[in-house]
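Letters A, B, C, D, E, F, G, H, I and J name the chains as they come in the text, with residue numbers starting at 1 for each one.
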Amino acid sequence: MAQNKANTVSQLQSLKNKSGKSYNQLAEETGLTNVYVAQLLRRQAHLKPETAPKLKAALPELPEELIHEMMKPPLRSYDPNIIQDPTVYRLNEAVMHFGESIKEIINEEFGDGIMSAIDFYCSVDKVQGVDGKDRVVLTFDGKYLPHSEQKTEHMVSRTRPLEKQ
Amino acid sequence: MAQNKANTVSQLQSLKNKSGKSYNQLAEETGLTNVYVAQLLRRQAHLKPETAPKLKAALPELPEELIHEMMKPPLRSYDPNIIQDPTVYRLNEAVMHFGESIKEIINEEFGDGIMSAIDFYCSVDKVQGVDGKDRVVLTFDGKYLPHSEQKTEHMVSRTRPLEKQ
Amino acid sequence: MAQNKANTVSQLQSLKNKSGKSYNQLAEETGLTNVYVAQLLRRQAHLKPETAPKLKAALPELPEELIHEMMKPPLRSYDPNIIQDPTVYRLNEAVMHFGESIKEIINEEFGDGIMSAIDFYCSVDKVQGVDGKDRVVLTFDGKYLPHSEQKTEHMVSRTRPLEKQ
Amino acid sequence: MAQNKANTVSQLQSLKNKSGKSYNQLAEETGLTNVYVAQLLRRQAHLKPETAPKLKAALPELPEELIHEMMKPPLRSYDPNIIQDPTVYRLNEAVMHFGESIKEIINEEFGDGIMSAIDFYCSVDKVQGVDGKDRVVLTFDGKYLPHSEQKTEHMVSRTRPLEKQ
Amino acid sequence: MAQNKANTVSQLQSLKNKSGKSYNQLAEETGLTNVYVAQLLRRQAHLKPETAPKLKAALPELPEELIHEMMKPPLRSYDPNIIQDPTVYRLNEAVMHFGESIKEIINEEFGDGIMSAIDFYCSVDKVQGVDGKDRVVLTFDGKYLPHSEQKTEHMVSRTRPLEKQ
Amino acid sequence: MAQNKANTVSQLQSLKNKSGKSYNQLAEETGLTNVYVAQLLRRQAHLKPETAPKLKAALPELPEELIHEMMKPPLRSYDPNIIQDPTVYRLNEAVMHFGESIKEIINEEFGDGIMSAIDFYCSVDKVQGVDGKDRVVLTFDGKYLPHSEQKTEHMVSRTRPLEKQ
Amino acid sequence: MAQNKANTVSQLQSLKNKSGKSYNQLAEETGLTNVYVAQLLRRQAHLKPETAPKLKAALPELPEELIHEMMKPPLRSYDPNIIQDPTVYRLNEAVMHFGESIKEIINEEFGDGIMSAIDFYCSVDKVQGVDGKDRVVLTFDGKYLPHSEQKTEHMVSRTRPLEKQ
Amino acid sequence: MAQNKANTVSQLQSLKNKSGKSYNQLAEETGLTNVYVAQLLRRQAHLKPETAPKLKAALPELPEELIHEMMKPPLRSYDPNIIQDPTVYRLNEAVMHFGESIKEIINEEFGDGIMSAIDFYCSVDKVQGVDGKDRVVLTFDGKYLPHSEQKTEHMVSRTRPLEKQ
Amino acid sequence: MAQNKANTVSQLQSLKNKSGKSYNQLAEETGLTNVYVAQLLRRQAHLKPETAPKLKAALPELPEELIHEMMKPPLRSYDPNIIQDPTVYRLNEAVMHFGESIKEIINEEFGDGIMSAIDFYCSVDKVQGVDGKDRVVLTFDGKYLPHSEQKTEHMVSRTRPLEKQ
Amino acid sequence: MAQNKANTVSQLQSLKNKSGKSYNQLAEETGLTNVYVAQLLRRQAHLKPETAPKLKAALPELPEELIHEMMKPPLRSYDPNIIQDPTVYRLNEAVMHFGESIKEIINEEFGDGIMSAIDFYCSVDKVQGVDGKDRVVLTFDGKYLPHSEQKTEHMVSRTRPLEKQ
């Protein structure tokens, strides 16, 4: 399956290269965030039926069988060695060093819960700092998910065992 | 903070032992699942305001300051060595060996998404097998969370950079 | 042997895809749990003689040599990287965070023993929560196995050394 | 809890040392295997009610509160560094190098199943080899557990979801 | 040194708790981002001279010796186990799964360089999604740093060896 | 070399399968333990000259070149992932959990030494427990090796440096 | 992608070997440091447009398509096993043993910041020690990057959320 | 137990320091290798009854209770971090890089077996190289142990199962 | 021993802080590199007899017993977590990413050998880049050590076995 | 490069096998230690120009291109799994268990320094123990390298920065 995925990604990258379009261009043409488009072309995201025609329009040479493949839920994965790349390491460094602070601010402002990584948006943007230099802005925007209190009466799946015993 | 948590847990366990009540009894008296009650007494879950009086009723010797502590969002953690315990290992074994199958069935029956571990219920029950022997039933019941498609127009946090540049 | 297994799994997955049947359908036709059927098609479970005809009926294109292969005890294994997949990670997270609580409840309700992962059933079901939303229910149902007290008189294999010395 | 266990073990070892008895002697007096007695005195096994008086007879200075503690199900664990000890390493070496062969012989002679480590006996014995030299004999004697086939009709815990949906 | 840091952090957290102020309030009063204030109170950031009086004003009970300590460059570190916490894990998951895509978009939009984690801003905000539900927005804003081409003539430190030989 | 070994093992396994004989049968015909025969057919043990004809008699299709290969000392190794297999894991679990107890009993009964894993016998047997159920008996039988006291006069290799200095 | 990179590197190394030039010669001809040239020929650095002709002049057989490939930002990576090589290990040893001292001297002489590994020069030189013996001099020359204080007013990307809420 | 060992070692080291004797001196006075004496004073070796008086003579202040402790079989262990020390690392480097060559030479000169690390002598000596410079000579002198062929008739412990079945 | 070292380092750091001197000042007063002085005050280097008076002059409050302690060869070690610190990580990143290139240049310019980390100098310096900005210059200056060819006639320690056999 | 090395080693091993010579024979014919010869034939050592003809004489079928390859400095490496082999493990066990003792004896007898693994000889010899049994003698003979004191005046590479500032 891993081999399969690698082949698909290789074809998709090659198609994008031939098109000469950047992820930002593809994002604009499909109405998706730039990160999501890049994830689609790595088989790390799921192509939705209503988006398939837009992607096809943006990458006209995309064959039907690849579109078909992209519409299956992917097995999300990554090569652990990508943390060696300086860009990826810096992000990981920020998350690990700031992690507890971020968690506590979420707790103070929202309550006992987390930022979802599933109902989640991500984009990379370019802004100019106060010194006029380019800055990378990475935005993580995820739904707040409160930890549920596990009340027996709300646990639909659990009425059974009481009858059973 | 880890030290702090350990002290709180130690006091809570001691209180439970003195009460002579099982987790099942505490679960029944508080209307919570047995696993959730156990998590509360390990500071792995958050005590909600409306539940605090029920817990106080079930464990009358629970001091106010501990109740106060239990109402703060905990830092969820575990000792990696608990995987040495045969009970915990067997669960981990099942998850790792059955993991891809479970994922694929979720994909087939629900779509491209996951079972939440946040909006989540868990209980341990006792049933009799067809051979009349005792069986442990562990139920994981989590909300289905579909992976969001990251449409730019739905990403509220992202309208800014367009204005900025 | 690992290579061998990968080839077999690849053929089995391809056969299932061609059949157009879901794991739930195959489960219903064979009388097995959906997770067990998925395990069979990954060579993670053993096909029993009485079940082979049912599986053949459900997947008529299944060749005899694959059936023969599936009737050998498999070497159970998994790719450690599947824990990267969000679905699998969430399950692992639940097991590690709730592990000690689950263990203690088993001890209170059953005694000093564990839930077997060998005499074990597993299924994935779909229910509606009290808010009307879909929920995934994962059931682990394993025989309770008490830790044996190792009495010399019950250790059949050990009468020898007494004669020997 | 780990701290607690360490204290208990330290007291038990001290008691044994004062008694001047070997594990073999304690094994004989209690009717248990020598390994099981040693596990009891490390809080790695559970003291059964009918065995408590025998242990008390063998170690008369054993205080009631320790007996009480020993009758609770322990959290089984080990220090991963014990694999540095040559005795423990050699055992691990044998298991890892012979593992697949042992598995295959079990499959051939018993079927698709395993040797339980829960319904399990273990003893260490001394014999003389054909060259007249001392040899250590370690016996692992565990119940054969066949992997269950997960038939829906036998999964008692699973009738519910069918009614639910 | 680690012990020292832990003590300082413990005092700072205690002071903040007594003040009853959230990180957002402290951020507003000091003109810093909420994450940076939280990092200051964990000794993960450096208190600048001009900011010290503002922090003192926001937390009047902050003793001079702690302010003095906070003005030393800290040894930045974290407990690797915080990745067990669901909030921190989800962030890490996003970084590892999206890492290559983020890197490629930076390459396309900026060139061969990275987002600095040193000239870096981070904040946690609360917004409402299109469904009216709360969302967590985490912003990483770092200076773009191009990989330098290592031209000998620009390497000031290197004229020496030529003279030496 | 690893590739070489894998090829040899693959051929040997295939020969055994064709012969239709179990490891127990091969063991009986060659006068070796069942585990040792299985190790021979995985190139984890060394075929001795006097045993080669017996093995050839038991597996008449075994070609001379494979016999020749089997008579070279092998590089003993294993795939670390076999610990995922439940059978192998249970053995490892027993060794790690019982390790210190086994060591101490050896010390009490034999002295300061270990059980050799080199002058070592291993077999898997089938017995019936007191409940009439099948049990797996795994026997490890190794020569007792006392840790040598390193007396200079007994260190033959060391007289030199005294002359040298 | 990793495969792709390996192929490119293999071709580049082969070209260099055929040219008979050392990294020092290539460095002199291109005006780059010797380490940077070596990194270029391993696809660990980015070939700039103005440098491409110089490299082409130094390695006339370098085909255009490789030059084109070298002008793409590389995914920087390494084989973790290179730490086994004694040369690389010694460097790592120095960094880990001297790390905290280096950090503290940077803090004393520059302030709370780091040496960049991005705006960075590296060279290997040969000098004679006071004993007349050859010595290797490795120079790391990186821009000093102060940790930014995260002032809200300077965080260009962050004015939005205030308007939003 | 680890704590216990650390205390004993600390006392033994302190006694040695007060005595002002080197390991070489202690070795000469006790007739042991210098490495073995050093191991004794770290509780990594077992003090034999006939050697105890010699050690007492060499270190007259050695209290009886420590001698008593040193005569118990130790739990052999090490701090994995000692590999950071350059001396220890260099030894490990030599073993790992030369390991296969050493193994093959043993196989060629002795047969299919190993060098025992139990019936084992070790010493550190000082010699002058051909250039007149000091050299460290580390000698490992271990008994050759041939891998036993596991003949059933020689497996004394195994006659039982034949009777049993 | 680790505890001991930590105490010594803590006292030494405290003495330096009271003195108000930087490592650069101490380096100048003692004639040592700044990194070496810092290593001395962390017990990572050995204080030589002729340098002790200079260090005493630079830090007059340094007590004799600490000087005595500093003149013992230290056990060199580090806390593996310091790699979390951004300064240390960047150095490690450079070494791992540039490692093979550095090795090859050493091979080309010196031959088959390494840069010693024992006969080794290290300093941190401050220079201004061509853009007028501060840069950190880290110099590693180690003796070139050629891998020796192991000629039997040059192996002084080895004449013995020839006589012995 | 790893692939390249594997191919070369495979050819060299095959040549040696055809020659029918042992490492000891090759050592005698080339005047090298047996371990060094074995390292040469695994591309773990560097073939010197004056030794090449001797090796060619000992292995006449050795082709020129392999000799050419063997005269390049190798990338020294090993497969971490060789530690599974009992021979290699026993060596590693000895190094790790005896490591600190060896280090301390070197410190006492030589000073603050190490045994070089670069200017290093290694041989495997066969001797008879006092009991007449075969023993393996492994000799590590390395140059003593004192840790240098880093005096600024002796650091040739460092006069520069003083001029620069």
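The criterion applied here is as follows: a contact is a pair of C-beta atoms (placed from the backbone, for glycine too) under 8 Å apart; a residue touches a chain by one contact, two chains touch by 3 or more.
Note that this is a predicted model, so its numbers are computed, not measured.
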Tell me whether chain F and chain J, two copies of the same sequence, contact each other through the same residue numbers or different ones, using over half shared as the line for same. different
Just going by residue numbers, which of D-H, G-H or A-B has an interface where over half the contact pairs are the same as at C-D? A-B
G-H compared against G-J, more contacting pairs: G-J
Averaging over Cα atoms per chain, report the distance between chain B and chain C in Å. 23
Dist(centroid_CA(chain C), centroid_CA(chain J)) in Å evaluates to 49
Residue numbers in chain H touching 2 or more other chains? 35, 75-76, 78, 80, 82, 84-86, 93, 96-97, 100, 103, 114, 116-118, 120, 122, 125-129, 135, 137, 139, 141, 154, 156-157, 161, 164
Touching chain B in the complex: which residues of chain C? 22-24, 34-35, 38-39, 42, 44, 76, 78, 80, 82-83, 85-88, 90-106, 108-110, 114-117, 120, 122, 124, 126-127, 129, 133-144
Contact set on chain H toward chain I in their complex: 79, 81-82, 84-86, 125, 127-130, 135, 137
For chain A, which residues count as touching chain B in their complex? 27, 31-33, 35-36, 45-46, 48, 51, 72-75, 100, 103, 107, 111-114, 116, 118-123, 125-128, 137, 139, 141, 145-158, 161, 164-165
Inside the complex, what are the residues of chain B that reach chain F? 84, 86, 89, 93, 96-97
Which residues, counting only chain I, touch chain H once they are in their complex? 2, 75-78, 80, 117-118, 154, 156-157
